């Protein structure tokens, strides 16, 4: 039986709520169970990817650093919505490698290929 | 038969939980096989037996107990999310002890359980 | 591939409906539920009608009524049981909350 | 010593969160202690005032009905932001009487007269 | 002397609470007279002694205890908000009993206390 | 009467900054704090500069730095102690969260 493939749509900025961390925990569990998981970033969620962040200044354990472990967990499908970047005047510089920038239409097509879509 | 998994992330104090429970009740009434309800983020508060809502307001926690008893609905609690929100995930304390504030209708689980539910269900709905 | 979109927030105060609109495709179904019912009177709904047929926009009947929201005749008012059925008539679900 | 006067700025729709009810509880306590309290409605908060609502359909105890007790608690200064109504295409029909509709500038002037401003 | 009252409505799991605590610490260091901190809505979770945050993360609940002990900072808990969120507001159970999950640094109060604080303080800040 | 406005949310996803802008008057002080720091790059800040002097717009230094947000030179970066002082230099406070 084919395993279901999970998409997680990240929609919140990284620090003020626990959504980003809660979403990451799910992604890593699916990765460690060798279940396919793809990550999508849209809206405020794109702030999870920008460079030069430092959660330690907020007295937090900075969970964004764990993003660099995605490859280790075979999490390789990472997509960010072009329109969300543009709305926020953000460039294509990210703190992790291999992020795919897609226009909304292609972003949607990729997203909808998944059996299960969770949004955080 | 259609298999459904439900993820609850809203707290019992929110009317969003009423929507989730009405959805689950409707599914059960339609003979949908609910393979499990997974409580995550603020949703874990549904398992807190100390939650005390005035009697003339909606009793979300009691509703889950009723559904569990009537339909053998599996209720899974994310342990990490729960311990951050004041549920007593202490393995030396038994769920039926006076010291535990976790309703014994709920199974303390990890996110691994969510992997299982997602694999097993035909649809996963988040509330 | 049809996706079922559950929109639980008002577009007057948050981006959920806009983001949903960005990933909406022609066969999808949009459900206005909880505070999503306030979107019945939001301009973005006109843009959405250009992507999906108005028959594919539905509102949870008692959620709109509780909020005093007028439902235009061309938008179907559905029950929770209808929503459960739609969950299995589409391929996947996104909850915009 | 003059009593402080409280303003409560209501900014959330009535049912999905507890903010409206939490705000009302504060207003009624201040009223029952005979402390001045004024109520302001802006943004989504204006949905707390519209007619024909019925929280019972959501299995809730409908706290909006308690708004009719404001006069009993000597809560008589109730202001709603005109722009917020217009954005939402709402009329000047409300489920309570004596609501003052003010353009943002006058709404701001009234609000800022208060010693303490809480927002819910 | 400047008198300040603070209202906390964010839960300990949120970084918004770190901001609130840093603000209170800065005020205390500047000799501001904090007449009281009032915990309302999800803020009441700061008083839950069962809240268990991993040791390498920010310990908001412990911070309040330290501030209380060092500065005699009055910490008031809204009883109604607390009982809806799983804090054990049972008058037959003493705060120091094993059955209570309310940190004894916190005084269980009602909204009347907020009226007092608002009257007494020169400024009220909400976090 | 000067009011101190603490804006804790991003205008890219919610209406707090807009609502603050609606009640802002010329002597007020605006603090960008927590996710409010993302507003440093929002167009609405230009509208705000037409109401209050840019000297009256301040950002919590470590909150902007933690979020990787560039702070323009004309906007003052302040500490929590500065914020406490401002609390007593103005007549009242509104927290936009």
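First chain written, first letter: the chains are A, B, C, D, E and F, and each begins at residue 1.
Rule of thumb we're sticking to: contacts are C-beta pairs under 8 Å (C-beta built on N, C-alpha and C of every residue); 3 or more make two chains touch, one makes a residue touch a chain.
The model shown is predicted, which means the values in this text are computed figures rather than measured ones.
Novice: Would you mind naming the chains that touch chain A and likewise touch chain E?
Specialist: Neighbours common to chain A and chain E are B, F.
Novice: Quick check on the contact network: minimum steps from chain A to chain F?
Specialist: Minimum step count, chain A to chain F: 1.
Novice: Would you say D-E or B-D is joined by more C-beta pairs in contact?
Specialist: Higher contact count goes to D-E.
Novice: Can you give the whole-Å distance between the Cα centres of chain C and chain F?
Specialist: Averaging C-alpha atoms per chain gives centres 35 Å apart.
Novice: Centroid from C-alpha atoms only, then distance chain D to chain F, rounded to Å. What do you get?
Specialist: Chain centres of chain D and chain F, defined by C-alpha means, are spaced 25 Å apart.
Novice: Can you compute the centre-to-centre distance for chain B and chain F, using the mean CA position of each chain? Integer Å is fine.
Specialist: The separation of the two C-alpha centroids amounts to 40 Å.
Novice: Using the touch rule from the top of the page, what residues of chain D touch 2 or more other chains?
Specialist: Touching at least two other chains: 15-16, 18, 43-44, 58, 116, 119.
Novice: Provide the list of chain F residues touching at least two other chains, using ranges where the numbers run on.
Specialist: Within chain F, the residues that touch at least two other chains are 8, 12-13, 15, 34, 63, 92-93, 95, 97.
Novice: Hey, what residues on chain E touch two or more of the other chains?
Specialist: 13, 15-16, 22, 123-124, 126, in rising order.
Novice: Sort out which chains touch which and give me every pair.
Specialist: A-B, A-C, A-E, A-F, B-C, B-D, B-E, C-D, C-F, D-E, D-F, E-F
Novice: Quick check: in the complex, which residue numbers of chain A touch chain E?
Specialist: Within the complex, chain A contacts chain E at residues 15-18, 58-61.
Novice: Show me the residue ranges of chain C that touch chain B in the complex, using the header's touch definition.
Specialist: Of all residues in chain C, those touching chain B are 6, 8, 33-34, 60, 63, 79-81, 83-85, 87-88, 92-93, 95, 97.
Novice: Show which residues of chain E lie in contact with chain F when the two form their complex.
Specialist: 2, 4, 10, 15-16, 19, 22-23, 25-27, 29-30, 32, 122-127
Novice: Can you list the residues on chain B that touch chain A in the complex?
Specialist: On the chain B side, the touching residues are 7, 40-41, 80-81, 110-112, 114-115, 118-119, 124, 126.
Novice: Using the touch rule from the top, collect the residues of chain E that touch chain A in their complex.
Specialist: Residue positions touching the partner: 13-16, 18, 22, 54, 56-58.
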